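Think of it as A, B, C and D in the order they're written, each chain with its own count starting at 1.
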């Protein structure tokens, strides 16, 4: 038992083992034999565990005052970054599928929804993952906080990329210590961020896809025109019914509600108003895309629209999960560092608090469409023989196709 | 197979079975035999499933337009109410233990932390439970929303009781449609709410318990006095060290930070300032209780303070979970009804949004104490022989004891 | 403050309030006025909270020894039963859609997947929900366990119905104390269970739907025939390649693997063997349905098969979640009552342990198909012009249609 | 926009950026300036993200057939390994505290329970984390499965270390392909595993701590002697009461139950029987430790025993979570590769299935003690003045203390 690491220094042994492994790796001959004898790559090599599991170096230990809980702090953040990488992987592939949108597109919708759903599943875990860091109290954190100096989660390149590629508007970002968010990054990081703002975001590729929803063509099914007519007619009849009732307080109340409702629908068909809201950032999807989304909502049970409807639901899920992630983050930070009550100056807590806002929501329009639902009998009827929709295979933007290659898998 | 309910109307059969059961229950003789033959109460009777499982009556069905998803809406809300009842059960018992605080108190701390931890576990489930209701889309909800008329989650008596008993300040509540929250309740419900405001809340009983933290006595260990002296001394030395550094931009920066820090600590020892913050509702615990909490923080590893420290952590957890519950609720409502973009008037969404605020947090002071942490060597040292704390058994308020009986379990 | 319930007996007041409410409800005039003044049904009435929240009566209290934790025990079980009711609601509606399968069927697939997904979401919560009951230790349970006498979760009618309707085979159930499971139920409960065994289960309706997968027709695309041919050809080539390699230990090894693989595929095309496995209960789906499932697997990206593929995945999810639920249940029971180590006789723990078994899995064949996957280039190619599948709208069994009415929503 | 990575190859850029960063790091001067200008370490460097986020290399891509989902497979396993490292970190520190158990021990119990609780929180996440990998279907996995050759989760060194250090008995491990588990590891890995078997496991250090539970001393409070006397007396009285009842079938039944119960308790006090069960591996804790555990159970409300009781509960939680982790793992593997139905030979599925067993439970005795609970009035009374327990500070084994240094934090 005397040769056992327990009675020596475990960490040293563990590190040296990993180091040795690194050296072994460079000794190809030896490795080769080893591999040959086993016929393939080994678990630890495959996962590059020599990197993953040896990347925890405590600042507190370097400064001569090793604090146990710093290890948790590092591992938790690394786990977040691993998953951010995975989300970016999925997000990029989904954007690629939309951008390269050629005739195979209908077939690709399964990939799109599966991968979107995977992003959702990851984000759910990331929200729950705060529970682990919360096992560290403010007092434990205080013991090594000073050693971290300026290192801050705000500097996570991957999280900013993720937000940008999803479609968070850089115009609407809250300033951090009076600085533009990108000014906190340097060199290639800053360039990568700029590019992620300029590339087609998920919001934009979905928008283009929605604009081509079959059935929107004015010369075809003309969904929007038919819907406006039906709503106008429906409202007219409701008003008539209402006016025939004997006078009463109740009637007045209902008339007020009716007018509110009517004004709301009038606003829906007012394109200028939409443009105004867009310029203020209160709407994010184009007028045409909004029409497409509402059409998918109303005809969601049509076989062609079932998967698109699932996708719209998933996009709202991601938005919702990202804002829950932000909120849980705020709650954790509040407990770690307090709200600096009594001091001036924007604190980390208050900055984070301000990002839990509809300003950071990307597909908020899809939620807000709930305001414009109408009774089923107001929805324009499909004539099964005439109004069958063209295949979704051909309804996607191909303007990016020139230099896009086929999705690699 | 022809006698089987599938080919008849299942629901009718199921309902009639339950009705029959009700009648059977009144037929004691028959029941008696049944019970006797089995020697005890049966699962379904014990749980009163005839009530629980027959309490779902769809308004849409009554109005002749049965909508499938209304069942989910009802069951989810009932599940919430069941758990609210359980939380109230635990909350009342915890308050009872504090209020009746006699000499057995040290022994009761296990119950207190166990039950507090149970409330936490329930709240975690309640936050996750929104996922179920979120499987219903805005469009599904729209189909039966009109039948619900005014029935609103705002009217949940149990949730308001829970908030009040926990310690949400009724002064700081957001108005709902320009009405005081209690004006939405009638008769005995309204009375119960008023009482719950007047009774000792969890905040108040914990406050009294904290005020008696052993070690606060000015003539004894005098924690507060010693702490102030140590901090003053510590800051003085830091300033001296700082002033000896050669002039530089960096030094100026650090001096500014130092002054901020010093002002912060000065504010901690300024009782008048504390009273001002309390009157504005920005602090909720008395000055003395705050001292007790900080003391438990600093000496949390003392055997006597380990369980109290766990309790303080749990209280922050509840606060945090309640606000997460509110936020997830907001997110769900947003998807169900939109934010009524374009219409005036406060919407359900905006009302709920405004309740996700520190105004509704009860133990926010415990979080904010994170601002006042100091290096370990500034914490007054305990003299192991002299400063051993008196037993916590005797440190609890007994002013309520006269008419309190022993905790029933 | 003296009139407040805290200083009286809260429970009594609360109960009497509810009772009064019951009486009020019978006083229609008064209620009517109240409703009129508010224009609709109130939250508490809508949810029948007078039933839900007053259905907790502690046996320990009735026996004069009120035990605090019994309340948790009751509420948790009631919450389970509420959700079981919801699952039955969804399960019945999904079975109805399949059974009434008329031409609108393609449109109904969204409902089928949405509701199946809802069942999944509920089951996830039910698995997590054990965490709440686990806040009660074995010692707390012991204090009131004797009062429950024979009431046991085994007697949950709804859970047995749920299993049966899903498709758990009553032949394969483990006996409980040497009794058939149904012998633990009486009167109408027993009848309901018998019916649920005789009705078309989810397994059976899905089986019939799978058997009609477009493309299985021998005179049409003839998926099965083509697949067998491709696999035979593929295996032949692999063998040839393998045989050309120089002799070595490695080659022998690979040849053994090859033969194992070949025998496996041979078994796949052996209908007699399938029937044998079915009679032993090791397979649950008909040979034809298995072919349909494999076809959906291979062509899952075809627009028509995307939603069916999601459904198959969801069915495996439910199976998996039900067995996780069983396993978490076992773990909880183990902690509550131990495994009665040292005593003879089957304990609750050992009974439950034996139900965590593939015997209770319904869609286990869908998992096991993973064994029969082949490289993509072995999958028969679709000829886009000739082999386009007929609409799924017409591929569903309508033999049950005669007396089925339209889905109510 | 033309300079943007989207239109080039993102991955290449990202990789090269990371590479450059590596080189930059070696250019100390430049880094130095950078650091100086910002005054500290940067987020990405602190977390060594150049290692973490660049450690995903797809075997399928190396083989020229990049499969999208392999990235998920890698990242998920890496996340598991990161958390395993953290669990080992906590587990080692908890063992250290017990082993170095000097007089400060009472104070260290907060650390012990906090860190144990942290392990629980991590394991909960790890159980949930399977949901992410489950978004990959068997078909997706099949596409790259062949490239992994022999790399298998079975080879996770950290997981085996974790099991060993926790106290999984290597004698009771299931063989894997007829091999001892350690024969799957080579070189230093194998040595580390051997050492982890020989070092004091968590089971052993807890056992020693339990053996010294104050109150067990035969010449002192003599808990075990008193308990045996009380139980003997209690059973005698119960038998007398039972015998006085008139003859009936019911009485016979109860007498049978009584005798079962009596035999059970007799077995509790039979040390020889305990040794026999231990040698068969059916009990894992020494007889004395079992007594200590039962004592903590019965007197859990004593201030000194509250935290120890929490610890025992946590140890059962870890056991329970590890077995849930195993079971969820099995479920996932079943879906990924099927159960190889129809083939002989032990499959991965069946191997994993066999590890979900009480054989792998470490603190199973703590669960099984639930069998030996007795009514509260049978528990020996504490005489408050005489039987106050000595301080827990002095009740811990110090035989390991010679070469142990103080816990580093």
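Quick note on the criterion: a contact is a pair of C-beta atoms (placed from the backbone, for glycine too) under 8 Å apart; a residue touches a chain by one contact, two chains touch by 3 or more.
These figures come from a predicted structure and were not determined experimentally.
K.L.:
More C-beta contacts across B-C or across A-C?
P.N.:
So, comparing the two chain pairs, more contacts are at B-C.
K.L.:
Farthest chain from subunit B, comparing Cα centres?
P.N.:
The most remote chain is C.
K.L.:
How big is the gap, in whole Å, between where the Cα atoms of subunit A centre and where those of subunit C centre?
P.N.:
31
K.L.:
If you average the CA atoms of subunit B and of subunit C, how many Å lie between those two points?
P.N.:
35
K.L.:
Can you list the subunit A residues in contact with two or more other chains?
P.N.:
Only 39, 143, 300 qualify.
K.L.:
Considering the complex alone, what residue numbers of subunit C touch subunit A?
P.N.:
Checking each residue of subunit C against subunit A gives 39, 106-111, 113, 250, 300-304, 306-307, 309, 392-393.
K.L.:
Please output the residues of subunit B touching subunit A within their complex, sorted ascending.
P.N.:
Counting only subunit B, the residues touching subunit A are 134, 137-139, 142-143, 260, 263-264, 267, 273, 277, 282-283, 297, 300, 313, 316-317, 320, 323-324, 327-328, 331, 334-343, 345, 356, 358, 367-373, 376.
K.L.:
In the complex of these two chains, what residues of subunit B are touching subunit C?
P.N.:
Result: residues 1, 3-7, 10, 13-14, 17, 20, 34, 38-49, 51-57, 59, 66-69, 71-72, 74-75, 77-79, 81-83, 85-86, 89, 92-93, 114, 117-118, 121-122, 124-125, 128-129, 131-132, 135, 143, 148-158, 186, 188-189, 192, 195, 198-200, 403, 408-409 of subunit B touch subunit C.
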